[in-house]
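Shared chain: chain A. Partners: chain B in the first complex, chain C in the second.
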Partner chain A sequence: MKTHPLRRGLFVTLVIALILCCFLAPYAWIVSSSFKNRLTLFDDVTPLSWKAFFPVGATTDNYQTLFERTNVLTALLNTAIVSGGQVALTLLLCAMAAYSLTRIRFPGAKIVFVLILLTFLLPIEAMMVPLYQVVSGLGLSNTLLGVMIPWVASPFGLFLLKQAFEELPVELEDAARIDGAGHVRVFFSIVLPNVKVPMLTLGLITFLFSWNSFLWPLVIVQDPANQVIQVAIAQQGSPTQLPNWGETFAGATVATLPLILLFLLLQKYFTQGMTTSGIKG
Partner chain B sequence: MADVSLKKVGKTYENASANTIEELNLDIRSGEFVVLVGPSGCGKSTTLRMIAGLEELSDGQIWIGDRRVDELEPRERDIAMVFQNYALYPHMTVAQNMSFGLRLSGMDKAEIRRRVEEAAKVLDISALLERRPKQLSGGQRQRVAMGRAMVRDPAVFLFDEPLSNLDAKLRGQMRAEIRRLHKRLKATTIYVTHDQVEAMTLADRVVVLNKGKIEQQGTPEELYERPATRFVAGFIGSPTMNLLAADVVAESESVSLKIGEVSITVPAERAGALAAHAGSTIEIGVRPEHFLADGAADFSAAVDMSELLGPTKLIHFTLAGVTCSAMLPPELAVREGERQSLRIALDRISIFDPQTGNAL
Partner chain C sequence: MSATNTLSTASATSVKSGTGKPATRRQKRDWIFAAGFLAPFMILLLIFQYLPLLVMARNSVYDYSLLNPAAAKFVGLRNFTDMIEYEDAAVSFGVTFLFALGVVLFVIPVAFALALFLNSKLPARGLVRTMIMLPVVTSSVVVATMWSFLLDPSNGLINGVLNIVGIGNQPFLTSTSQALPALIAMTVWQQVGFGAILFLAGLQGLPAELTEAARIDGATRRQVLWNVTIPLLSRTTLFVVVIMTVFSLQAFAPAFLMTQGGPQESTNLIVYHIYNSAFIMQQAGYASALSVVLLLVVLAISMAQMALLRSRWNY
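Presenting the complex of A and B:
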């Protein structure tokens, strides 16, 4: 017996709604809790009630204390500088590397590409100690440049852009060379404008990665003036006391707002990046 | 306008077992329209790309006018090229595409605009100047690509299979357009195609390439009427020339050709040349239109297939085990399966050495 299309549609919608709820629930709880009094914060969690997700008697006290007592604004600015800088450097470096690996024939090009991709397989945690030694050796520990520099040569970025360059007809570059353009002009005036979408996708994914990074900034920066937002939120309050969860949730909400706005504006490039590369950012 | 000269040009790729191009010598006169034609992989596009500077030479020299250019960058060679896939910059408008090279050369803006508008007028694309390539049809894109080449007023125009992405009707129109444009600009033009119809209709001189070597060069008429090799005979002309093995039999006062079971007496004016090959087997080439159905028959053959092409009727039949085609008047009543009496116009046949494939 065939299922009625309407019934099948309803079923699919319900399943999607359920999955959506599972993903949204933690975030809804964080946002809702950030507007609650610290004393009633966990009242509706066990047993779980709908009130956990809706702030009854909302208060902005957590936000007030957060902005008055912590360096969250400085941390936000630091994060914006690090993320923006990382995006710019990653795009420039990956584009140039991917372009040369795609277009310039040299012995061992494939091996170089595979070796670069292999670094993709290394977990960040495994690289922490050597990275720390290198970055400290460069005198960049405790600086914003030190936070971003190890990640600008991204194997994922190289892979994504190499795919894009391979799809670009080489005749475009030939035509530009005949028109009188040199290598640099060809790269910036012809090649880059025609891989705008993959570049934008890589930029967004890099921004997301950089904005959310926690472990490396925690390791490399000790000075509170150079802390990024994720570390600042985790370290608010005294190390000897339990965290003030209301402020932590307010901080988490503030930290995610720029990303949500960015996603709403440019979501098609996020999804495009995930599907074309087949790799999760 | 400038002469173009290729002197002992060679090209070898690292991984190729044989040379792609071997000692190519070619002189192109100023203002001449030369078509390089040949099958895929014969080296015609590589030759063009070497002239353009997009491919390095392994050997030899290339001269444009009185300058040796083979070590110069493409931009220093004073050439313009039209590509098979148009290669229009997708992020630029038609006007920006056409003016890109001029802007790079630092030309005055008013002069750039004048040239773009003039070329657009000639090519009938004035209304498209603000559009982007994706908003254009294939034919329009091709015109823009030609416009981009025209505005630069180069010494040499290079065309790399520019019509192969167009449908048959548009291809015919654009062919006429390119010819008209060449007559107007009188620029030295080197045109690469694998389509022998394009080669025959456009060229002042056709250069047939095969396996990286020039097989024959000459006017379209010379190549069609007097192919130097079996390869050229088979490549030039559509439908292709029929190639048949024939024994040359010299009798007391005449010479005859024995093609399978069919024996044809050669007319006196051609007999002298053929008598030298008496007793041996040669290969004769008969164009489809040189099989005649005018009453005087040399043989009759069963018609395998008959196709009415409008101004002519093409019949296919088997002679001495070889599938042949003949172009006959359209009004001729021919039915598939029936026998048709035919005569070979022996004064028009080509003769080849079956071993070397060279014309005798």
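Presenting the complex of A and C:
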């Protein structure tokens, strides 16, 4: 059953090369094509040459038209506001709720917890029609607040933080409590500083979810001035309507780059967050 | 944490200590604080999760359009009988189940193999892990856009590669037999990294003594894999299966951006069908009825998972 080490090494190298090709080549193609004009772009694909993956004779024309003639810049700004706001609100609300559930004994805590637990199972994005009616009934359609507010009370976030709060020793706060510190002070100056990693993890997962969300903003925002990036590039990027692939590729690159950079920097926390509870959506 | 426990301990302390009043007052202050700290979360949860649930149940027995919801007409169960009478719902659910099945069948073995690879002491592990996670953090819109060009019948990269090995251009997304498999391939590509890190976490959680003991007892690597590792990971596998299924049942961007449900409804995924019924065809009542069925399917899968995980089925 023993395989020759050299043959095994060759096999492993081949597998690694294949994996890298499968996962890296599409990105290389998209990014390098976004720097090409519409004539050279196809020449490199049929017949396929190595030039398909490197921007030979690079031009930034596609990016210039993208930023000058479309609403991509506004959409990027809107997405940054939505994602930032959603992260801040999710962290605050989930942390407050987790504090109440782990640090204070009060009647009805069990019912509250079951109510939250049940929503974990709801495929809420698949319930876009009633959600659309609820949000527009509140007068929030076509607003950035309407894009983010339904996801802020996140059961996933609550579970993640509740777990972290439970692992925190109560002795930490006891001294402060004896000194007469109230819950608000204990929450902000003792509990929160000690759960930085779970908070960062939840923040990253929320940011990823918010930045990439598509169906909900597509449904709730029609006004181009309040459009988010995913909808903006989806509407300019359909291959059936738009002849210029380069511009579409430029849009895809712009929409993806911030997340990829964030991921490369903080990969450990991303992976941690995704494996702990199994990301929803 | 149970309410009755809290109450009984509360009354017990107040009786025993004799200084009942201050203790109770402090407790009441705590309760008010807890309520205040929970209120924002709970109010939003009720408005954006429970209220839509009620609205959906109500709307599924009405005939109305989102343009003029006031003109709703009560139709009883007709939306549901329509679903049976016309074929669109059956076709759409069928396509969606096939899609989910395809995704799960391919994601599980590939993700597991990748996890085994990442768990070994081979070179370039970190690089491979980063690579397979890239599609996971890329939005479904960008992945769909990328793949509609990769799959382009005349200028796509995939046809470029096929030409090298002597295969002629394939139609992919415009063919009734190739469109759904193409979407499955794309989704497997996008999700397999997520499956792999879930399996990897499972593998790293296994007690090393078990596999070592089997090796000492003379089992080959392959025997250890099939008779020890895989059975021990059955819970992780179930978890990955459920996550991938629930995710696939809710896929939307591929149908919306790449195929518009076609050709001939062969990729008419259910969430896209709901979106079309409600926002394009303006049959929001019918869309609500479809959503109710989808919700029940997803709930059934989640419940089955919980029941299995809670059972004694454990190694």
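Convention: the second predicted complex is superposed on the first by the 222 of 281 C-alpha atoms of A that agree within 3 Å, B and C clash if a C-alpha of one lies under 4 Å from a C-alpha of the other, contacts with A are read in each partner's own complex, and residues count from 1 in each chain.
Methods note: contacts are C-beta pairs under 8 Å (C-beta built on N, C-alpha and C of every residue); 3 or more make two chains touch, one makes a residue touch a chain.
None of these values were measured; they are calculated from a predicted model.
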Query - Contact breadth on chain A, by residue count: chain C or chain B - result: C
Requested in this report: Classify the contacts of A:Asn194 with the two partner chains as first (chain B alone), second (chain C alone), both, or neither.
Outcome: first
Report task. With the two complexes superposed on chain A, say which partner A:Ala88 touches: chain B (first), chain C (second), both, or neither. Result -> neither
**Report entry** Partner chain in contact with A:Ala80 - chain B first, chain C second, else both or neither
**Finding:** neither
Requested in this report: Could you look at A:Tyr99 and tell me whether it touches chain B, chain C, both or neither (first, second, both, neither)?
Outcome: second
Report task. Examine A:Arg185 and indicate which partner it touches, taking first as chain B and second as chain C; both and neither are also allowed. Result -> first
**Report entry** Partner chain(s) touched by A:Lys110 [first = chain B, second = chain C, both, neither]
**Finding:** second
Query raised in the report: Touch check for A:Arg177: first (chain B), second (chain C), both, or neither?
Result: first
**Report entry** Contacts of A:Leu140 with chain B and chain C, given as first, second, both or neither
**Finding:** neither
Query raised in the report: In the superposed arrangement, what residues of chain A touch both chain B and chain C?
Result: none
Requested in this report: Spell out the part of chain A that touches chain C in their complex, as residue ranges.
Outcome: 1, 12, 15-16, 19-20, 22-27, 29-30, 42, 45-48, 52, 93-94, 96-97, 99-101, 104-113, 115-116, 119, 121-135, 138, 149-153, 155, 158, 183, 187, 208, 211-212, 214-215, 219, 230-231, 233-234, 237-239, 245, 248-249, 252, 255-256, 259-260, 263-264, 267, 270-271, 274-275, 278-279, 281
Query raised in the report: Across the complex, what residues on chain B touch chain A?
Result: 49, 52-54, 73-75, 79-81, 83-85, 87-91, 100-101, 104-105, 148, 152
**Report entry** chain A - residues contacting chain B, complex
**Finding:** 169, 171-172, 174-182, 185, 190, 193-194, 196
Query raised in the report: Within the complex, which stretch of chain C touches chain A?
Result: 1-3, 5-7, 9, 30-31, 33-35, 37-38, 40-42, 44-45, 47-53, 55-56, 59, 66, 69, 114, 117, 122-124, 127-128, 130-142, 145-150, 152, 154-157, 159-161, 163-164, 189, 193-194, 197-198, 201, 220-221, 239, 243, 246, 249-250, 252-253, 256-257, 271, 274-275, 278-279, 284, 287-288, 291, 294-295, 298-299, 302-303
